[in-house]
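Both of the next two complexes hold chain A, though its partner changes from chain B to chain C.
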Partner chain A sequence: MTVDQMSTVADRPRAAATAGRTRSAERPRSTMTARRHRAFYMFVAPWIVGFLLLTIVPMAYALWLSFTTFDGISPNWHYVGLGNYRELMNDSVTWDSLGRAGLFALVSVPLSIIAGLGLAVLVNRPLRARGLFRTLLYLPAVVPPVGAGIAFKNLFDQNAGATNGVLTFFGFDAVGWLADPYARYVLIMTVLWGAGNIMIISLAGLQDVPRELHEAARIDGASSWRTFRSITVPLLSPVLLFQTVTGVIASVQTIMPMLLAPIATTGGLTTVPQSNYTYMIHVFSQYFALGRYGYASALLWVLFVLILIATGLIFRFTSGVVFYNVDPEAKK
Partner chain B sequence: MRPHAGAPMSRRRFLSLSAAGAAGGAAALSGCAMQVSSGVGGGSGETVTMMVKADDITPDLVQQALKDTGIAIKRVDFDITKLIAMLTSGNPPDLVRGVGAVDAAYFAAREVMEDLDPYFARSQVLRRDDLDPVNDLWRFDGTTQGKGPRYGMAKDFSQDSMYWYNTSAFDKQGVSYPAELEPTTYEEWLDTAQRLVQRSKGQTSLFGGTYNGLLKATLMSTLTASAGGSLFNDDFSRVDFTTPEARKALGWYIEYCRLKVGASPILPDPNGWDGPTYQAGRLAMCNSGYWMGGMIATDPKLAEVSRLAPTPVFEGGPRVSACQAGTGLWMPKKAPHKDAAWRIFEWYFGEAPAKARASGGWGIPTLKSLRPLMPAKAEHQKRVLKVQENELKHFSVVAFSPYTTGDSFEALFNQVAPAAMKGEISVDTLAGRLNSVLNEQLKRGKEQVG
Partner chain C sequence: MTATSLNPEPPVRVRIRTHRLVLYTVLVVVTGLFLGPFGWLVLTALKTPAELASAPVHWVPAHIQWHNFADAFDLIDFLGYARNSLIIAFLYAGLVTLSSAWVGYGFARLSAPGKKTLFGILIGSMMLPQMITLLPTYLIFAKLGMVDTYWPWVLWGLSSAPYLVFLFRQFFAGLPRELEEAAIVDGCGYGTIFWRIFLPQSWPVLSASFVIAFTWTWGDYIAPQLLLSTDKSTLAVAVMTTYVSSAGTPITNLQAAASVMYVVPILLIFLVAQRGFVAGMSTTGLK
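Here is the complex of A and B:
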């Protein structure tokens, strides 16, 4: 018997005892684990069911519709395979509207993030009545889009709006803000009007930046701008990334042009000026004005894929510049 | 056999598959509420679902219906998307709101409307010889609107190419009033509007006139009829804006928009329509029919200075004064309570609500026997009635295509036409483009109707 074998034999009774304890301890632990798993699935079940019924099923239905010429009511509709997708590839109105939506996202997302971050920085300072300023700046974001649409239509009305009232008071000619080509600027202003949302999220991010880092930078002689650029922005970068992704998704899907149109209902969507005729307005028009359910569903699926690609690209191109204070991949 | 690309599929099969998908739950739930018509006693004790707007039937009228007919009314807000969902799930409302001028042929061609001829034949309330010709907007013979079986009825109507004018605006600019009973020409109308419009620093304090019709579809088809032609070909499967008559109509409307004398797609009225602008005294001529008198009458000062004028004509063209709406009700073919629905239909179009509407001045009654109820006590009411009665001699139905909706025509027109209104393309180029996009839509519609 070798030394190794001796130790093994000597260890046997202890190992057996340990194994017995482990088995008896494992039973309640596994029960606990099963119960935890059950609780997890019970808690997420409503969301999963909702996701399946309200997202996956409609998406699958829309995908199926996109292969048909169904208009909701006519008896003789057909399967057209990829016909709708082929048609949209050659539809200049589709691409023009997509271009407008893309341009709108390119302009409105950075502007609203900069505006929201700027406001957050302002109301993060030790001001008197800071709470009041925060409330006032956030308030527009609480106004429902329909209300904001009405307010902006009144503000920018050519003949009775306050904006033109100011312009004519100073001797300038009134501008047709709600018609082409100015309507696009009013649309961007409505997005900036709601920058309070971004302000709140950025403010939360700002308050999470460790104060000692700012103090250390100040002791080292860094200017405020340098501190903001080299400490605040990197630490805020996950928040800014989140706002960029959600902002892009929201902006390409915006229906605000319809709310700014003279008749702010789906029936009035044909009164949307050309410069605000974005992709979602085109989709609405195809669904509800032209009754082309199949084609409109194809448009939506293309938009879905494009948003996936855009989101992927944003993550790809920002992976080197987003700084996570906590490793998001770390195992708990 | 599995369906393949290009293979037609019956709507029944489509619906059964739909029901298994996203619509399944909704269809099942709504199916639980389905009832079967008793088919006796005019439906007393039943509940009729009406898909209408809130103004079409007030809660007071719902109560009155129960008292008068014994039938309860459940009002559902009119929503075309919801209507289509209800029609496709096989559980439609019993009565549905519709704009006769553009909806009747469209829905009838898709065979979702009940032929009401047998009901009219045995009705003591809605006698066929008492029906105003405007109700022909709700007839469709499979090709042409205005002929064939009746699928609905208008609740009241106006000749929507007429216009109202404000005499004080004319007086201020020293412009003579239009003739009371003789039509002005469209060219003169535009000239008058230019003389009336008041602008300063890019703002318009007084608009000369608006002329947009009810929908672009009805506007263009009635303008073309006024020029002596037809916008559609014989089977309504194509439009042609390049015919001399349609080109004349289109050219006039584009010129109207270009001159910016009133609201248009490139100069939208912030109220969504021009009534409030006229009410505010900021519009000299307003293209609306008799019905707007109901709104004008609520302001005695405005009523005193408001006059109704006949539909203009094109130089050398016929006098055409059509109804561009004829809003009313129709009954879906699969309505679950047809007898009760018909009883409500009779009550709504021929009894208390119809009489109230006739005496309210918000439209011309659609039963000839109710005409004496039209308001004619005040001086301005007598004046308006005189013009209106004369105009009725020139009423005609301008048929619309069953292969497209008014909304789709509007959407495509508004997509293409603003370039011409802004002077970026010529009217001839626009005519070609309109032919292209509208005929494409009509072709799709024709294929789907079969």
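Here is the complex of A and C:
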């Protein structure tokens, strides 16, 4: 009874009832256990049903569409097997947009993590008005994408933008930031603007780093850079890993290029400059500008599989590096 | 609080002072850069179209054009769009908070065979790329005739959000076991226990969850853009797409004014609810 109840209130997934425990508890109190089991499924039902209907079914539907020529209009759409996938393999626009998305993730994710971590270290010091700095640095991360897009469009406007104002003030030529080939830098800067997000999460991690470790290192004569590299970063590595994975997933599906385009509608996708024409934008233009649902679904599934592979690879390559400081005696 | 600051030697103190000066300078500059884009948006909102069109940049408006805000308000049905945004955000945030608390209670306080697997799927589904599922979902909603209605948000709300489920699970798992023990002995159903005992305990998480879900919906651009026609759409879509002259050129200053009015409520909500927001982020951020 007590064992069973303890697992009921388990506060860690690891401590959840093992099969053996449940079985042994079933004998004396089978009605109560059965009642608890039924209650569990009753409670998680909304999520299970929602997950099936709003995630699994759409994904399966997309998989089915990806084998067809469905476009939503013509009545005689038909099954083409792997035709869409074959077309996709031979489509240079797809490959180019995929390369752009990959490069964008490869640059923007590490940069924003470094920026966020740097800010966290900065505002973790004993400072006056520390709370104010934290709030102000985090604030941009709360600004919705539409607000960010419009703000950056104005900031980098060719004529009226502050950036070109500064450039011309120092005698440089004005730059067409929102057009090729510079638009990609503006896109990266919109990501960096939200680095406050990573700052807050890293800050929570920094405050969990045991103080004794820092003191011991200092007594041993370690420089602050050395302490940071050998103590802070390893202890933060699970947080950084999590940020890397979610960052990569977020960056490949960003619609920011659309919001930075001169005319931002799904119909006006053609105004997205070439250098910001990422894979997701390609999917959108196939989906909505051209209505090629079948082909676009194949694109989606390829992206989905690539994300799974990328996530797997990130976990694989970091498994030896990421350090989980799990204290079995921890009271939490 | 650093060990060196306890050191009484004067040269060290001087070094610390310059060190601090550098630190504050860096912080002030970085904070300025972070606030820059928003500051520039406000400045843009206060300029005339002529000032925005001419090549050497006008750093500040010659005459502050406060009326731009009123004009942005009148040019489109700003209030109507804001109302649509509010309806969707309240609908979704209210439903998803309740459903996530419900599911979170199940994962925190009850167990059954398969719980571990289900929890693993829940955590894994947080990493599913939402944009990928949204597009086929849109096609299905279109087929079911739910385009141009708020039903999609009701369904999304009822089906709970993994991130918020996790938030509630962490909170409920931390409450003492005695809470429901007496009720179980008295023969109360788990539904009653959840509703009468656990939910009233969880105001901090409930409000954090509501605020988080509200800002998601208020900030969402792509779902309303796909699912709603122009007049039923949200402020996000309207701000992005409707400030265009009849000639097809964007009306920059009014759009900037509108986006200030669109963003400021979210900033205010954040400033008020900051603590719960940040606490929520740091619990779910890693653990």
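Basically, the second predicted complex is superposed on the first by the 288 of 332 C-alpha atoms of A that agree within 3 Å, B and C clash if a C-alpha of one lies under 4 Å from a C-alpha of the other, contacts with A are read in each partner's own complex, and residues count from 1 in each chain.
The rule is simple: a residue touches a chain if its C-beta (ideal position, glycine included) is under 8 Å from a C-beta of that chain, and two chains touch if they have at least 3 such contacts.
What you see is a predicted model; the values in this text were computed from it and never measured.
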{"item": "First (chain B), second (chain C), both or neither touched by A:324", "value": "neither"}
{"item": "Chain B versus chain C as contact partner of A:215, first or second or both or neither", "value": "second"}
{"item": "Which superposed partner A:76 touches (first chain B, second chain C, both, neither)", "value": "first"}
{"item": "Chain C versus chain B, contacts on chain A by residue", "value": "C"}
{"item": "Touched partner set for A:168, first chain B, second chain C, both or neither", "value": "both"}
{"item": "Chain B versus chain C as contact partner of A:296, first or second or both or neither", "value": "second"}
{"item": "Which superposed partner A:137 touches (first chain B, second chain C, both, neither)", "value": "second"}
{"item": "First (chain B), second (chain C), both or neither touched by A:315", "value": "neither"}
{"item": "Which of chain B and chain C A:239 touches, first, second, both or neither", "value": "second"}
{"item": "First (chain B), second (chain C), both or neither touched by A:185", "value": "neither"}
{"item": "Residues of chain A that lie at the interface with chain B and also at the interface with chain C", "value": "53, 57-58, 61, 72, 154, 157, 159-160, 164, 168, 174, 262-264, 266, 287-288"}
{"item": "List of chain A residues in touch with chain B within their complex", "value": "53, 57-58, 60-61, 64, 69-81, 83, 93, 153-154, 157-160, 164, 168, 172-176, 178-180, 261-264, 266-271, 273-274, 277, 285, 287-292"}
{"item": "Residue ranges of chain B in contact with chain A within the complex", "value": "3-11, 14, 18, 21-23, 25, 80-81, 84, 87-88, 107, 110-112, 201-205, 265-273, 282, 405, 407-408, 410-415, 418, 422, 441, 444-445, 447-450"}
{"item": "Of all residues in chain A, those that touch chain C in their complex", "value": "5, 7-13, 16-17, 19, 22, 36-44, 46-51, 53-55, 57-59, 61-62, 65, 72, 119, 122-123, 125-127, 133, 135-140, 142-152, 154-155, 157, 159-162, 164-165, 168, 174, 193, 196-197, 200-201, 203-205, 215, 218, 238-239, 242, 245-246, 249, 252-253, 255, 259, 262-266, 280, 283, 287-288, 293, 296-297, 300, 303-304, 307, 311"}
{"item": "In the complex with chain A, residue positions of chain C that touch it", "value": "1-3, 23-24, 26-27, 30-31, 34-38, 40-41, 44, 47, 51-59, 99, 102-103, 105-113, 115-116, 118-122, 125, 127-133, 135-137, 139-140, 155-156, 158-160, 162, 165, 173-174, 177, 189-191, 194, 215, 218-222, 225-226, 236, 239-241, 244, 248, 250, 252, 255-256, 259, 262-263, 266-267, 270-271, 274, 278, 281-282, 285-286"}
